[in-house]
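Naming follows writing order (A, B, C and D), and every chain is counted from residue 1.
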Amino acid sequence: MFLDALSTLLFVLATVFFCAGTIGLLRLPDTLCRIHALTKADNLGLGFAALALIIQAESLAAAGQIILIWLLALVASATAGYRVARRCVPVDPPP
Amino acid sequence: MTEVFLLPLAVLLPLLMACCVHVSADRFARPLQWVGALGMATLVLALVAHDAPMRTVLGGWEAPLGIELVADRLAKTLLVFTLLVYAAVLLYAEGYFAQSPIEARRFRPLAWLLWAACNAAFLSDDLFNLYVTLELAGLTAVGLAALSGHPKALAAALRYLLAALLAANLFLLGLALLYGSTGVLSLRMLAAAVEPGTASLLAFVLLVTALALKTALLPLHTWLPPAHGGAVTPVSALLSALVIKVSFVILLKLWLHFAPVLDLVVLGQGLAVMGALAVVWGSLLALRQQRLKMLVAYSTVAQVGYLFLPFAWLRPGTPAAAVAFDASVLQILGHGFAKAAMFLAAGVLLRAAGRDGLEGLQGAASRQPLAVFALALAGISLIGLPPSLGFSAKWSMLQAALLAGQWPWVLLLLTGSLLTAAYVFRAIRYAFLPAPDVSELRPVPALMSYSALLLAVLAAFGGLGTATLAAWLEIEIAGWPEALP
Amino acid sequence: MSAIAMDAATLWWVLGTALTFLGLGVMLAAPALLRKLLAFNVMGSGVFLVLLALRPRGPDGVADPIAQALVLTGIVIAIASTALGLMLARRYHLATGRDSLPEDAPEGTDD
Amino acid sequence: MNAVDALLALVLLALAVACLWAKTARTGSLLFITFGLLLALAWVRLGAIDVALAEAAIGAGIAGALLLDAARQFEHSPAGQNSARAPSPWPPSLLMLFLAAVLLYALSTIQPLAGDATLAVSAALESSEIAHPVTAVLLVFRAYDTLLEIAVLLVAVLAAQAAPSAIRASPKYDPALAAVVGWMVPIAVLVAVYLLWAGSSRTGGAFQAAAVLAGAILLARFSGQWPDADRLWQHAGVRVFGLVTFIVVGLSGAFTAGAVLGYPAGWTGGLVLGIEAALMLSIAASLLALFGWKER
């Protein structure tokens, strides 16, 4: 019962962050700013959602899989954000 | 043991051949093709030698769970028909692509995939599997139509693709309705399970619309002339002889299975009327063409019209039904051989003249007599003069119309023949005009003319075998609708 | 819609019908090739929804496995068709600079 | 009717409209990806988990990538062609409304027979030796459909005359990308193998695995690492390998199981996994050929 409530709370938090990320993606002025919305807010949202699911997980292995998925998503979004940013900034960073 | 093998091999062998010729280098691919073609010939002969109807349960799982292949005499006839067309076209392609190895490399695997698709459609007894084969044939045909990479060919291929995609979705929607209400996909079981009603009738109309679009029945024909007329010649022959027949044969199969259950009289009359309009309109358009291959392509629109006339008489329990069935099969064969021959001959003449205009044909009769002869023989079958297959087809339609007491169709058949004669003679007349300039002549491998002639002879003299064919097919339709073909 | 007592399956085949004809209409009316291909995919999704939603579910709430397999095959064929269409459209665009097919010429005229 | 379902259906409808009437090809493609992802949710609600995963991977993922790739080219079209012009909605829409009404009426008359197909599958599942019903249908009961479907995919690659794009080494060596790719690619390959293996007992399968594999190869290609391995993927043999394996195993069934496309008792699981592994390689190679398109 307590765990269910906790899950729900975490899901609500996740939703808040996802909404913030989506609004940021739509409303922020340029690509570099939008990357913030995608990489920061959305990943936090995903993290909360993952936590909520881990609480409900049937086994340790299932929980482990969820953590793995979250980590992979983190790395992927960090790399993608980095690549997008590199496309936006034409000049090389100072050595 | 062989029975387990034969039917699936008719599909799997050409698929395997497609993979092999795609992977192997040119100098291996050519001999390999002939080994494959010989294998196919042996296979088809073995199938025909098996007199009894054959049914193969794939994977050992019977319908409704699995898929079954059925080779009745209709399917066997079509397998032989496909084999003959392919023999001529593959021979022809050897000469046609001799100077363009890149196109040859693109052509070979797609041609074999198309062979597999044709055989698969003729043998399949499963509605969803028929959808997959229809897609296989359609996408292969699109790829073949785009083979040259010329912008006009690309535009024609895109138009063709969009028509095929539309047809695919309509077919699936009809399938969804039938599967949703019955839970089975095998044609045999569907025919037993389907109940007359709005849903099943709408499903059938959707299937028929999809197939009519893929067969290019007027007014759904606009994609056909650019695709067939604009493709490289061996492809034009395959598309017009085989690909539109795939969708038509599926329609014929569905009709034979569903006509006893659903009330299809009005639909049959409607299809026949559209067919009649196609005969007239297609012929008139063919008359207006200035380029030989476009003339031949528009002639297909008219000849497709003939294919749909028998639906007016294919009613269960009427004496006309058996004759109408024979007429359909004869028209499939007659148009297939004649149109392929015509395209192949046209390709020879165009290559010799170096251009596609009708006036380029001038003097062809003396320079390329074999090709002009093939063109004329094929024309005889299209017009419907004896002893051609085209004559037998039209004669059977005439008989069916009279048996059904619908004599106005006789007028249409006569008009159609006259119009066909007009556009065929128009093309041939150019060939007999004196040549303006001899220096323009280009050499064409004789092999190409001979393969065109092979098909033309089949079309022009095939009518002599009508009685044999009708007798051979009789057990398929005699018991209809109680005993399904 | 909610006024009518509607079971879950009905909702999905109603949506499937709507998507089917939405896609069909755009496929017929839109000139741009890319949009036509998008419309084909939307129409296909609608048809798949109808196909699956019409079949009763198994006791454990799992959809008819045969219908699922048919839809899966259909999705793969749709993606193959879309990919082919896109490649042809891109080659056509490279060759001519056009992103739509020319309007239909009057019939019977030579191209 | 569930309120969540109704909301999902409405959002899907709105997305479809927005996607089809989008101003640019790029927006349309992006909206189509969103549509595909939400449609996957609808499949979950319909109890079709396998379709949901395929829809997300293929309908949204691969189709989305192909569409975006193409949209980029069309947006750089030299002259202002008519792509921006949205279709005029009125004349055909009345016809469409009428047809939709006819279909809805017909659908409402359908009284589906009881779940006989479901029962038939579950009854035969034991003897099929495959635990997951959808995989059993795809690779045992209706394996022939799947075989022809793979042929369709081969046709698309051949017909598009697609050659895999040339190996594009990064113009400037990017240490961050190289480092990430160095360990991301093996993980992605691992995920692909997992998806393949999972297919026999639960949702998963060759196509989903191939999508992941193709993504990994693309990632490696962008980073310019393993050029030799990349060249291997462009060999025509890889593209037909799956189909040939499928046909050869299928034909051998005539000797070992008495039916073409049958499997000898006790061997089904292993043979299906082998076929799927071969298919995964070929599908991945085909996807790569279609994605990194350039004229041959």
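As a working rule, contacts are C-beta pairs under 8 Å (C-beta built on N, C-alpha and C of every residue); 3 or more make two chains touch, one makes a residue touch a chain.
Not measured: the values here are computed from a predicted model.
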Label of the chain whose CA centroid is most distant from the centroid of subunit B: A
Please work out the Cα centroid separation of subunit A and subunit C, and write it as a whole number of Å. 32
Separation of subunit C from subunit D, taking each centre as the mean of its C-alpha atoms, in whole Å: 15
I'd like the Å distance between the centres of subunit A and subunit D, where a centre is the mean of that chain's Cα atoms. 25
Where in subunit C do residues touch two or more of the other chains? 20, 23-24, 28, 48, 50, 54-55, 64, 66-67, 70, 73, 77, 80-81, 84, 88-89, 91
Sequence positions of subunit D contacting 2 or more other chains: 103, 107, 110, 112-113, 117, 121, 141-142, 145, 149, 152, 155-156, 159-161
Touching pairs of chains, all of them, please. A-D, B-C, B-D, C-D
Under the touch definition given earlier, write down the residues of subunit C that touch subunit B in their complex. 20, 23-24, 27-28, 33, 36, 40, 43-44, 47-48, 50-51, 54-55, 64, 66-67, 70, 73-74, 77, 80-81, 84-85, 88-89, 91-92, 95-96, 101-102, 104, 107-111
Tell me, which parts of subunit C touch subunit D in their complex? 1-2, 5-15, 17-26, 28-32, 34-35, 37-39, 41-42, 45, 48-50, 52-59, 61-73, 75-84, 86-91, 93-94, 97-100
Could you list, by residue number, the parts of subunit D that touch subunit A in their complex? 172, 174, 176-177, 180, 184, 187
Which subunit A residues qualify as touching subunit D in the complex? 72, 75-76, 78-79, 82-83, 86, 92
So, in the complex, the side of subunit D touching subunit C is made of residues 1-2, 5-6, 9, 12-13, 16-17, 19-21, 25, 28-29, 32, 35-36, 39, 42-43, 45-51, 54-55, 58-59, 62-63, 66-67, 69-71, 73-74, 77-79, 81-83, 85-89, 91-93, 95-97, 99-100, 103-104, 107, 110, 112-115, 117-119, 121-122, 133-134, 136-138, 141-142, 145-146, 149, 152-153, 155-156, 159-162, 207, 290, 293, 295
